[in-house]
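Sharing a structure with you now.
Chain IDs A, B, C and D follow the sequence of writing; residue 1 opens each chain.
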Amino acid sequence: MKKTKAFADILGIVQEITEKIPFNQVLGLTVESLDLDHPSVRLTMQPQLIGNFIRGSLHGGVISSTLDFMGGLVAFLGVLKTMQGQPLQVMAERFARIGTIDLRVDYLRPGIGSHFIATGYVLRTGKKVSVTRMELHNDERQLIAVGTGAYTVA
Amino acid sequence: MKKTKAFADILGIVQEITEKIPFNQVLGLTVESLDLDHPSVRLTMQPQLIGNFIRGSLHGGVISSTLDFMGGLVAFLGVLKTMQGQPLQVMAERFARIGTIDLRVDYLRPGIGSHFIATGYVLRTGKKVSVTRMELHNDERQLIAVGTGAYTVA
Amino acid sequence: MKKTKAFADILGIVQEITEKIPFNQVLGLTVESLDLDHPSVRLTMQPQLIGNFIRGSLHGGVISSTLDFMGGLVAFLGVLKTMQGQPLQVMAERFARIGTIDLRVDYLRPGIGSHFIATGYVLRTGKKVSVTRMELHNDERQLIAVGTGAYTVA
Amino acid sequence: MKKTKAFADILGIVQEITEKIPFNQVLGLTVESLDLDHPSVRLTMQPQLIGNFIRGSLHGGVISSTLDFMGGLVAFLGVLKTMQGQPLQVMAERFARIGTIDLRVDYLRPGIGSHFIATGYVLRTGKKVSVTRMELHNDERQLIAVGTGAYTVA
């Protein structure tokens, strides 16, 4: 897809907002890629993210927070694909309207690693609701957790 | 149920551990009640927990983190009911083995309020797996979110 | 709530359609009550609904089918409460638009019994999406399974 | 993996039981492949499986039933991979112990088609619990629904 200036701008805004959301800063989430088909977000291990002393593993809530955020991002990028040629303002308003309806998280392995990469893809982009799948791998490419979410997109 | 000393001790340990888990401290989770049938946990609004600037509402991940923690606590208290008369050490080991298998969260209203109360109850206490339902209300008793979780208990 | 003739009519239509849906007939689902706050549906055990020979218990899919149907019914009745005074045709069109977005089912006990009662309630009635909780009990009032669903309502 | 005679026998038993389960017969489920890594099950459209007259589409419960069955099958085949060299009886007993803990189904498109193929894969094979993802496509390879399930495997 050829990217217009508005397209480049909206991706800049998405990245900026992502990293300015207060709780995303607590988590230390940073955008790795806003490729429309293969976006990814990085989570760096920090002592305050630990849920289990003994194992030194991530709190389950850190994992669900990251997957929830990733799902919303994936849902928005899916919508964005259908908005080519639209003005920046319209795209930005659409971003502001993304909201999680529900989320399922499956915890597969303890969240142990120096950093983690969240990825995701859209299962369905609807006019009102999008459905996404998300995955979290650690720095050894082990699958730590997966998620499925439904998001309002309008 | 008549509470033995070991029982009082395990509840003290649960409260202490709960409030010492690093990410629970980030969230500011505190135990309100460890009543075996009606436990509750308090989450106090803080600027760093915000997910949506404009609304000033909780990040979805704060909500899922709180409900996930609550589900594990409820699952453990359900198991504890079946452990009367057992030594403290055995009960504490059981607590350490609680783990989330999976979690569903339904986001019903924006997480707006000065504080929030998470409650929950057991749907089924099994030998290997327990299933729980959780709810999060704000300080005006509005239902913000609900969850359902499956937890390993052995 | 005072019920208009259109209201009585729509409930008649809902009952008729419910029991005419081909797969509901296979399941043998019948409406017990269309009370707006406490609707219930009955499932009668039949040999063809068995999933486990040895136990003689319901197939998991019979349970999920029943809870899914119940969730949609509960979602519609929740919407109906907001439609008082509207013409029958408008209410009927709304019924036709109910659809399941996603569903979680937790299987708590084997589905053993002569019959089963599904109940449910709305957690949130939205303009676009409603969220419901459902429960299935057997004839001894044992809780067999619970569900949570998100439904499109517009 | 080299298949022993016991291995071939257990797959024969799995196929036979699958197609003899009363409610699977109602659904008309047949095993397409028991390849350990890429199993698949076929669902043939029949008038009695309809949930929506107007569209002529599958009842949501037919979809959840099929995905639930598929998840259990995938979970068992995942366990079977770890049981090489064990006697038939031990493998058969393991099959009998598979049970659904919980299931999430996301309905993406109306279930329209002459037949449908369910596939699935294991996300995690545990000693007690396995987690699987499932998908249902129609005869035009459109993705109709996906699922995620947790299954007891011991």
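A few notes on this one:
Just so it is clear, a residue touches a chain if its C-beta (ideal position, glycine included) is under 8 Å from a C-beta of that chain, and two chains touch if they have at least 3 such contacts.
Keep in mind the model is a prediction, meaning the values are calculated, not measured.
The interface with the greater count of contacting C-beta pairs, when B-C is set against C-D, is C-D.
The chain with its Cα centroid farthest from the Cα centroid of subunit C is A.
Subunit B and subunit C have centres, each the mean of its CA atoms, that are 30 Å apart. Between subunit C and subunit D the centroid-to-centroid distance comes to 25 Å (mean Cα coordinates, whole Å). The set of subunit B residues touching two or more other chains comprises 101-102, 104, 106, 131, 148, 150. Listing the residues of subunit B that touch subunit D in their complex gives 101-102, 104, 128-129, 131, 148, 150, 152, 154.
Considering their complex, residues 104, 106, 108-109, 123-124, 131, 133, 143, 146, 148, 150 of subunit C touch subunit B. The touching residues of subunit C, counted against subunit D in their complex, run 20-27, 47-54, 58-62, 64-66, 68-69, 72, 96, 99-107.
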